[in-house]
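See the structures that follow.
Both complexes shown next keep chain A, but they swap its partner, so chain B is in the first and chain C is in the second.
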Partner chain A sequence: MKKYLSVFKISFAQEFAYRLSFIMWRVRNVMQIVLVFFLWDSVFMGPQPIIFGYDKAKIITYVFGLIIVRAFVLSARAQDVAGEIQRGEIVNLLLKPVSYFKYWITRDLSSKALNLLFAVLEWTILYLVLRPEFFFQKDPLFLGGFILLVVLAMFIFFVLIFLVSALTFWMPEAGWGMQFLIIVVAVEFLSGGLFPLDILPVAIQKILYLSPFPYLIFFPLQAYLGKISGVVLLKSIAVSFFWAFALWLLMRSVWYRGLKVYNPPGK
Partner chain B sequence: MLYLAKVEKAIIVDHLVKNFEVTEKKPGLIGAFENIISPRKKNIRALKDISFTVTKGELVGFIGPNGAGKTTTLKILAGLLYPTAGLTQVLGFDPWERKAEYLKRISLVMGQKNQLWWDLPAIETFELNRAIYEIPKKTYRESLDELVTLLEAEKLLNIQVRRLSLGQRMRLELIAALLHQPEILFFDEPTIGLDLVAQEKIRNFIYDYNRKHEATILLTSHNMNDLINLARRVIVIDQGKIIFDGILDELIARFAKEKIIKLTLSKEIDLKELEKIGKVKKIQFPEVVINVPRPTAAVAASELLQSFPIADLTIEEENIEDIIRKVFRGESRKALHK
Partner chain C sequence: MKRPLYYLKIWWLMSKNSFMTWLAQKMLLLIFLTAKIMRFAFFAGFVYFISKGAKSLAGYNAPQVIFFFLTFNIIDIFSQFLFREVYRFRPLIISGDFDLILTKPYSSLFRSLMGGADLIDLITVPPLIFAVIYVGALLDPSRLQIVLYLLLLINGFLIATAFHISVLALAIITLEIDHLVMIYRDLTNLGRFPIDIYKEPLRGILTYLLPIGMMVSVPAKALMGLMSLKGIAVSFAVGIVLIVMSVKFWHFALTKYSSASS
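On to the complex of A and B.
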């Protein structure tokens, strides 16, 4: 365990090596929040108090929650893995008594911890400035469900990235393209990262809910908003668990096979 | 029961085969489309049934032309490649399983790969390795001190890696690779791209490390000095096969087909006459260099002394470097393939 603590520390140091780009990135985040806020604020200026079953406080919360959950779930350091395989840098870790998967999870958590630190600061300031009609969930059941679902979502997304990156073992050139396809197209659209999924036709929703994607963003947020409760909440936690486990098993077997055919480039 | 002197085999490679499947690339845009529609797979036989063993504490040089299979062998031994067939055993482990206990006892240093964190000072990478290899604090301190002194790297530890020169970085790479005091070391072109002084430093270091820690070392190199100065035993690989395995002197004896006669003439002569004795390699009056076949060297020398005005004559062995250069070029095939 101690070795992963060291990985955590060095990752943290690494993030700070590029201070300027880190600051720019945070500025981008803040801008994004401000823009989204004004967009929805003006949408609700109109006569309709409720759109798609969301009132102003809840849509603002959804949108803000979206940014928060996205920042945690969809920001994964492990996006570098495909490149490491392609360039052969993965070799450095394969040669060491360390688990590659745990190594990247640690780096991921380190990066997320840093994000959390800054995010809390930014949100506090923004909240005080914008004074949005924010929906605070106070029920511990929903909050607990939310946290559990977010943790599962982080794991699912992480495993998905590892799974997609493993394709690089067979197709060294395809790694990045595949990642783009999966992450940008599949995940962004199907996870509820752009809009709440329950505005879609019910038939599509039903099919979608069987896939792992809505459990990345949509379901955690629904739990926070208190829109799913009781059996539905339990069911979504169960499905999320199922996907986390199933994808993990799949990822392990794909990696095992991938490493067998892998020929790291470089003499 | 028969008691044999127990010689500890650190590395056993038996009938090792490695094939790669590669997709052939056709040039141009049309070729690229064809590749997508019907990729042409080709099987490359990188290692064709090779066998050898290495005793604990030995320092063995791997030589052969580019693409002969040297690096492939090292990668298999380090557990990076899955062998197609055959047995490999290092310190009693199957390298492919990459058990932690195994990885803690080996190291692979590749001249073109780096493990140091680019944006951080090297000391950070060392600390990370200490944790990963679970090196006790005291051992780590001693090990680091020793390596830093040997490689003269005191002043480099706290500088961002990307600000260092290649030679400086290579020395730090070595420290990172050796902090856990591996018993088995695989070096792949350790001196590539370094200037002469840096090469010398690395070479001396490898030599000392082998002696001091009784480490078993396998090294591939295109640098003749690496081999001449470091390896007593060499394994020549060519086209995926071992074509020679023995001491370096023996390789030279086997491959040196000529001897070199150096003459000092006492007056000018018709050089055509000299051509009859052997290949005239160099003339710079009064010095002449002639290559003659080994078996006839003595006869040639006496003939020279009888028929020509010669002030001085010496018979020398072919230059080791020339011989090894021929091996690198793959010219050894005819000479060594039986």
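On to the complex of A and C.
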């Protein structure tokens, strides 16, 4: 446990090595939220009080909720794993008396902690500047469901990164490409990271809900907003557990097969 | 650029090399192409559903909102196609390899800006042009509006060029930021929708201070016949001033360059 605490501290400090870069990265996140905020604000300028099943307060809460949920779920250092495999650097860690998965979980937690600090700060500033209508959830049942779904989403995202990174064992040159396709593009849109998925036609929603992506951001925020309750909330939690478990088994299987065929490039 | 043919030949050679690099990694080309098309399709779908569901966005109907989005994309993709080298510039400065460019008998700005066109963006250009023509025709523009649109599109591209040159210059001056060009991309992303959706003072900032509105919204508005003659003249003036200032900034940045090589 002590060694992972050290990894956490070192990783946290490393994030500050290029402070301006980190701050600018956070600024980029804020700009995206600003775009989505004004877009929805403009949508609700019209006479309709409810659009796509949301009133203004709930849709703005979804947008503001993105800042926090994205910091929890999508902040991950494990995205460097594909590069480590490609360059052969993974060997350095495999030879050390640490669990490779626990090492990266620790680094992810460190990244999440730092990003969360900034996310809360950004949330506060944006809230004070934009003065939006906001929906505060007070029901402990929904808050509990939200927290549980966020924790599961963090794990699902971690496993997804490792699963995609493991493909680098077979296709070293395509590692970054696969990450871009799945982790950047697919996750960004299919998780509800830009807009709530229930604005899409029902047929598309049904197909999307069969994938793990909506359980990263969309369902946790639906739980917070109280838009899913009772059996639907329980079902969402059950499906999240299923994806966490199924993807974990799949990732372990792919990972260990990958290690067997891996021929690390030396220096 | 006193010798256009000379530079055209160099650009063609560098682009050919860049294309051949991509063609040597067909799997990677396919993955990135899929990702680009997916991202465009997802966002286009979002724009379509939101403008359809909301009936009106800042006073614009669905085809108009989609046209703003397509105009943004045409400038964005053309910039990426021509200026992909900007994304690879910082490592040259950090490693000191920029020295090798400075010693070559051509403009270092030209090499840093247009040193390798992007094949993936080139592939996506034709369907995008088709989409712009198709949606643009739905707006029933006059010939004058079409001509103004094309001229302002070139002006928008000039502004995008000025932004890219400034990013290069800033990369020389400060080594602190490792994704300046992505910050530019995020800023311009605010132009995916009509600039009218933003409230003041943000709208003013995006129109005049960071002229993203002039880069993207103005051409689209001109096609819809929503721009005044004065607004059009100001846009062209801003485009010219920005490109001149950015080149001056580049020359200033060069005086601050200190090689990092051993």
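Assume the second predicted complex is superposed on the first by the 258 of 267 C-alpha atoms of A that agree within 3 Å, B and C clash if a C-alpha of one lies under 4 Å from a C-alpha of the other, contacts with A are read in each partner's own complex, and residues count from 1 in each chain.
By our rule, a residue touches a chain if its C-beta (ideal position, glycine included) is under 8 Å from a C-beta of that chain, and two chains touch if they have at least 3 such contacts.
What you are looking at is a predicted structure, and each value in this text was computed from that prediction instead of being measured.
When the two complexes are overlaid on their common chain A, residue A:F180 makes contact with chain C while staying clear of chain B.
When both complexes are overlaid on chain A, the residue A:I147 reaches neither chain B nor chain C.
Of the two partners chain B and chain C, more chain A residues are in touch with C.
Shared-chain residue A:F189: touches chain C; no touch with chain B. By the document's definition of touching, of the two partners only chain B reaches A:L259; chain C does not.
Contact with chain C, but none with chain B, is seen for A:M31 once the two complexes are overlaid on the shared chain. Of the two partner chains, chain C is the only one that A:G46 touches; chain B does not reach it. With both structures placed on the common chain, the touch criterion links A:L121 to neither chain B nor chain C. In the superposition on chain A, contact is made by A:Y18 with both chain B and chain C.
Residues 18 of chain A contact both chain B in one complex and chain C in the other. Chain A meets chain B in the complex at residues 2-3, 5-7, 10, 13-14, 17-18, 88-89, 91-92, 94-98, 259-264, 266-267. Chain C meets chain A in the complex at residues 25, 27-28, 31-32, 34-35, 38-39, 42-43, 45-46, 49-50, 53-58, 174, 176-180, 182-183, 186-187, 189-190, 192-193, 196-199, 202. Those residues of chain B lying in contact with chain A across their complex are 20-21, 71, 75, 78-82, 98, 100-101, 103-104, 106-108, 110, 112-115, 117, 119-120, 124-125, 127-134, 188-189.
Listed in rising order, the residues of chain A touching chain C in the complex are 18-21, 24-25, 27-28, 31-32, 34-35, 38-39, 41-43, 45-46, 48, 51-52, 171, 173-174, 177-178, 180-181, 184-186, 188-190, 194-195, 199-201.
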